[in-house]
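The same subunit A turns up in both complexes below, where it pairs with subunit B and then with subunit C.
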Partner chain A sequence: MRTFLLILLFSSMLLLESSCVGLRQINELAIVTAVGIDTGNKPGTVKLSAQIIRPADARGQTGAPAGGTGQPIYSISAEGNTIFDAIRNLGRFSSRRVYWAHNFMIVLSESYARQGIRDMVDFFTRNHELRMNTWVAVTSDKPDELISTITGIEVVPGEAVDKLFRNNQVVGLAPGSNMMNLEEALLSTSAQPVVARLQLQPRGISNKKPEEHGSLKQVELAGAAVFREDKMIGWLTPKEARAALFFLEKLESGIEVINCPNNENRRLTLEFKNAHMSVKSFYENEKPRFQIRLKSAADIVESGCNVPVEQLRDAADASLEKLMKQRIENVLDKAQKQHHSDFLKLGDIFRNKYPQEWKRVGKDWNQIFAEAKFEIETNVDVKSAVVKAAGDGIK
Partner chain B sequence: MKTFRISNGMFIAMIVNLIFVKAIGVTQGELARVIGSDMWIATFIGMLQGIVIMYITYLALRKTPDRDFISLGSAMLGKWFAALVALVIFVFYLAAFGPIMITYVYHLQEYFLPEAPISLFIIASLLVGALGCYYGLEVIARIALVGLLFIFFLNGLIIIGSTHEFDMRNLLPVLESGLPQTAAASLHFDADWAMATMLAALIYPHVKDVKKYGAKLGIIGIVTSGLIIVIWAILEGAVLSGEVTAQYTLSCMKLARNAHIGNFLQRYEMIMIALYSISALFEVMFCVYATSVCASRVFALKSNKPMIIPVCLILGAFGYWVVDDHFWALKYLEFYWPRVALPIAFGLPVLLLLLRLLFGKKLQKAKPAT
Partner chain C sequence: MSSIQELLKGAFKPSVKENAAVLDQILGNSADVQKRDFLLCGKAGSPGLLCFMDGLADTTLVEAIVRALVVTGSQLNREPAELATAESIRTSLLFNATVKDCPNVREGINGILSGDTLVVVEGLDQALLVSTRGWKDRGVEEPSSENNVRGPRDGFMESIRTNTAHVRRRIKDPMLRFESMVIGTRSQTDVNIAYISDLVKEGLVDEVKSRLNRIKIDSVMESGYIEELIEDAPLSMFNTVQSTERPDKVASALLEGRVAIFIDNTPVVLIVPTFFWQYIQAPDDYYNRYWVGTFFRIVRYFAFLISLMLPSVYVMLVSFHHEMIPTSLALTIASGREVVPFPVLLEALIMELAFELMREAGLRMPKPIGQAVSIVGSLIIGQAAVQAGLVSPFMVIIVAITGISSFAIPSYSSSLAIRMFRFPLMIASGFLGLLGFSTMFFALLLHALSIRSFGESYLAPASPYRPTDQRDTMLRLPMWMLDERPGFAQDVDRMGDNQMPATPLQKGE
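Right, the complex of A and B next:
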């Protein structure tokens, strides 16, 4: 017994040595906060850019702290035959080991997205380090430039874009596409992926040269890229992306501007709230039909109409209903006629209601979806003038 | 034989721990590959079958509550039959060590220590298993109680971290593959509760109030496990979708990687793994216990302790052989393991119940088990 216990004790002590297995000290890591993926210069290659945080310079202050460079990020890029190959090539000149666990976003160039993203999704979902709520976006600009552009008041660009995505429902002009919902849509047989669009816009004003408006580029989150299978096939404008959000993310609120009923040169701003979309599917004569109903309340948040708001109410209801219906029709038209891609997940609704029929038509869904009929009904009720009195005579 | 007793709660905790680890870890992925998001229904159907077999196991032992399956076999057909029963249960738990190691090793190695050698995980777990087994069933049962508490914490964490991504549409349409195929898929979950019914076959005589509560304790154990596991099946289906769940060996880790509480508490799968590891180590402990008890009965030894090291060596070699190659591991898990587990889990209790009905009078004359 004594011998057995001694063997056990010494064996346990040997196991303590395992604490060094896979050891990675934090000061030896290159912590990636954003990744850009583009097509390489040589055909068939991938160019990968990584935005790596400089801990000494990214402590929430601008300017160069003692011992720092003043640059909160260090951006590098490398090419390879595959993403993993490009990452390994980063290791040729990165002094630290690349670490993915704190990555905020993956930005794909349009040319890369049009070639197909299946291997990108596979790589990042196969990698245990990456968070599944890492944002994914497509850009028509250069991804390496985009991920290196300091946006907003954040020190680290990746963190700034992360916050744009987190608040995407406030503006409501782009989907919150992350690795989790992208993988789900890519694997689904009844839905197609849709990914947010990021672009560089000359929006910033330099404090040193305020007269040069727009001298600083900022990253803008607006619009979306539409896919069929794993290949990008086109863009959605920000307004179309908003309509898509009713289907995809149950968008509840947003701002819409309409013309004043009494004067087409003046504007009335409405904030729709508690919007709720219900979609029902039907299968008649071997053709699907969808009944789409959008119901919402709205507030008058800005009026330049110079007439009492009570007189505007009915006209505002009708105008917003018409506008929303038009938006939905536009995005459906784009999905059905232009892109032949069911990125609005209507196939999911059909499949859930008609599982037996889905087995028959599912494989040709994009063609069948193109022939589907839609009935759209919008119902808006303007209910409030916010803090101003909604009574008679108050403008 | 009855030198110690384990409480009713410990017995239930042992059943839950033994089923839970593999059922949430790898079984849901197996089910998703067969029937998509209907995995929760298959788990539920499997649970009902588990209740039936647990009841049959109780019926086989009801008249002789001081005997386990091996000593029951001895009383009915003699020591050779008892040795055969012991050998069958030994083979069962040896085969069960494969899925247990797949679950345990891949969780730790793939997600936390990819550079650590497989042997490290196997040796470390067997050392803990051997130690627990050396101190006896009561210690193992107490660990199961702690494991059960951690399972509740684990379920709480995953529910809080996942419900904001819950999409009911992913669980629809219900029974898309049809009821027969869903029922057939439930056999994968049957292979999980099989470990629990075999556990009951060995330790029923040590349970404190088995005479008072009868089959209720075992059935409560199966139902509790089923309900705890169904939560994971529903979450994996609704949050990840059936298609995504099917892509992963360890679908529960995929769900854990997605879970987050607010913006600041992210990537807390390490906490979940710490909670999960107690149950995984309990499984290893019980495997060592069951195989050592069966081996000692085959060789007619009075104590299982001399067999602990030999069975650890056998289990370790077998476990390494199973997990070394992922392709083989998955084939073993989905093809070979159910073919070993299910005939034994369904067949042995039914066979012993039939024999007990045939040899009832002989059993009454037999001396009480010692």
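Right, the complex of A and C next:
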């Protein structure tokens, strides 16, 4: 009995001994949902802006009146010599402790990305509070403006952009770049990073003033930024980004618009499905060669051609094949000729097949990649079986 | 007092007057002691005396004794001289069902105090003890703490004989034995140990008897007295003795080779040995089809986990591990907590205590008022406290789910134990987060693993793992698969082979 009571006493004292280390109530945190990084006003400094949720306004009135501005987010920015310095300086404005574990995305300004992102990647992977599945994007706008814009249907704008990234395969115009694959590409010698592009576009229509078209800015996810090592070197257009997605994320579907085979002024919309790209690499005469095959099925989803499907099929096959091939050629050209950066991760494929050779040529992959040859073959099969009365002869 | 003890040790004397004096001295002049004198066979030469307790003895049975001794004796023209021994009166005159000779005073007094009638006749050196027990009983009712939908509705009541009869009616096996003993120096409470002699775990009956014989106490008011004096882990919050109000539970426990302890004056019967998982099993599991039984048993396991851990997990997540909550949920919780002035641990403790308060108040109040208490309580706690910003709506939900879950555990006494375990878990996780929670949980687990109930591991058959007993632990497999008793029974075979029913083949198939 005595020992029992002693154990009880000591264990309860042990609990007090901990003095609640690490205790932070959830309502004492400033939960960050998006962070923007820009170059500071003074050279060599970093300007960091954070989108912080105001829970009471983001979730409406639960229980007692919470009061507030009605705005779901509270955005602040701070400057510092390094990212962490800037984060600590955020504390000058934020009444609550800034909490990063629920961060959805990191938005880099073009100027910051062009200076090099190694610092940023180091900080965001080193810190235990930050997650590796945070989205990373580059913007040509001001990041602080972008993250403080109310966008999307979601109450919290960060969540809206998170959904954009999650559904990036639907539109298929930007890569779903997160911290994990960014760091992977940065550490790899056989691949270069490519990061999605976010932009502000005046596409939102105000309910109060619908006549002022596009008076509200919305965040658009389209295109990508290409890096060489840790420095950004240029942009990809949305269409180029789509071609890159075949290489990077095994894009399966998307839509393409082509001209009607019978009428140049009318349009035929095709949705390609079950696209499958296979890339094979060869090493001949000290030069790499890549055989790229894209095989895909497609459906006619909108036709202005006014002829039955059977008459369209072959022509549609051919023109979509041509279009796809051109897209792939374009992006390969960008990677090889313009940016000299193997962001399509062809180096990975080469290294996997020729590990011995890679030991020799890996160091100079960028030069060798510039001399690589490509054979591109696309094969599209329009399988649309939609029995839709179309064309004069059928009605 | 010593003279009374000596008197109790003595034997009855041939003189009625002397015996009456002894009875007077021992029983005093208690208001409920009734004495009735009579003349055996109506003859003046042989007076006699009946002594019984008013209220305990059935007066019609007492009247029958008098009629037999006086009227029948004289009608048959019997002579008192022929009836000179207690045996001759018993065998040739009395027609009451249970009559026994009673040589010493102690036995006679005990009989009187239990509702029997003591008969002394002039010239006999023995008294007769006629069973006339019959008092006002509560009728057999549905057990109030263990309800079911399908299955028998009778419950135990306060009379031990009725209770044993309930079980005997269910098991008409000559091997079902009830062994009687008396506990309580003053209360002289009847205690019966029930077991099926060719099934019961070997040595168990002796162990139960020796533990019961150890008890030296003045009175036993309820089976809880016995439970606390025989259990294996007296310091533990776990109860290692099962208690039930249901005769079918007792009968099935006996058929599994366990021992039941009946105690007079209480509708609660004890069953040993006990396993932890039994508290989560209900008779309905067996009476309904096995799909339903298994499903609801799993639901109850969840209820057990929720009622034990949900508040602690909530406290731990909200005050330490915010990254483990999905973002949208974190926002919802944070917005609800925005105006709450207390830390989560305190909020949880306040709400849990408020809930226990309501439960206790609802239980203690007279029944019609009990409902009013719960309405007022739920309105105040659920609505006003949230609106006033004292507690967050999420905490109300957590406490409500926890409360409902704890009511889903069939055994009320063990649901109380689980409810108490919640508090150390909650405090540990409020101080140290996941670390504290897991430490405390592990300590609980180690403790539960360390205790035994009458020689059986408390967490069996999960630990030590017994593969054959798994058929009826987490799951309730179909009846035709439950062909074995638990391993400790003497005879584990309870069913023939191939009991699975099937549609008979048609002719020609």
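Keep in mind that, in the parts below, the second predicted complex is superposed on the first by the 362 of 395 C-alpha atoms of A that agree within 3 Å, B and C clash if a C-alpha of one lies under 4 Å from a C-alpha of the other, contacts with A are read in each partner's own complex, and residues count from 1 in each chain.
The definition used in the following text is that a residue touches a chain if its C-beta (ideal position, glycine included) is under 8 Å from a C-beta of that chain, and two chains touch if they have at least 3 such contacts.
All values derive from a computational prediction rather than experimental measurement.
**Q** Looking at the overlay, what does A:33 touch: subunit B (first), subunit C (second), both, or neither?
**A** After superposition on chain A, A:33 lies in contact with subunit C alone.
**Q** With the two complexes superposed on chain A, say which partner A:159 touches: subunit B (first), subunit C (second), both, or neither.
**A** So A:159 only meets subunit C here.
**Q** In the superposed arrangement, does A:53 touch subunit B (first), subunit C (second), both or neither?
**A** In the superposition, A:53 contacts subunit C only.
**Q** State whether A:137 touches subunit B only (first), subunit C only (second), both chains, or neither.
**A** Neither: A:137 stays clear of subunit B and subunit C.
**Q** Based on the superposed arrangement, let me know which partner A:331 touches: subunit B (first), subunit C (second), both, or neither?
**A** The answer is neither, since A:331 touches no partner chain.
**Q** Is A:194 touching anything from subunit B or subunit C once the two structures are fitted on A? First, second, both or neither.
**A** neither
**Q** Under the stated touch criterion, which partner chain does A:279 make contact with: subunit B (first), subunit C (second), both, or neither?
**A** neither
**Q** Taking the superposition as given, does A:352 touch the first partner, subunit B, the second, subunit C, both, or neither?
**A** Only subunit B is touched by A:352; subunit C is not.
**Q** Could you tell me if A:270 is touching subunit B, subunit C, both of them or neither one (first, second, both, neither)?
**A** After superposition on chain A, A:270 lies in contact with neither partner.
**Q** Identify the overlap between the subunit B-contacting and the subunit C-contacting residues of subunit A.
**A** Subunit A residues touching both partners: 4, 11, 15, 18, 21-22, 101, 131.
**Q** Show me the residue ranges of subunit B that touch subunit A in the complex, using the header's touch definition.
**A** 110-117, 120, 123-124, 127, 130-131, 134, 165, 169-170, 172-173, 176, 240-241, 243-244, 247, 254, 257-258, 260, 263, 266-267, 309
**Q** Residue numbers of subunit A touching subunit B in their complex, please.
**A** Result: residues 4, 8, 11-12, 15, 18, 21-22, 101, 125, 128, 131-133, 166, 180, 183-184, 187-189, 345, 348-349, 351-353, 355, 358 of subunit A touch subunit B.
**Q** What does subunit C use to touch subunit A in their complex?
**A** Per the stated touch rule, the residues are 235, 318-320, 322-323, 325, 327-328, 330-340, 343-344, 386-389, 392-393, 427-428, 430-433, 436, 443.
**Q** Tell me, which parts of subunit A touch subunit C in their complex?
**A** Per the stated touch rule, the residues are 1, 4, 11, 15-16, 18, 20-27, 29, 31, 33, 53, 55-56, 58-60, 62-66, 99, 101-102, 104, 129, 131, 156, 159.
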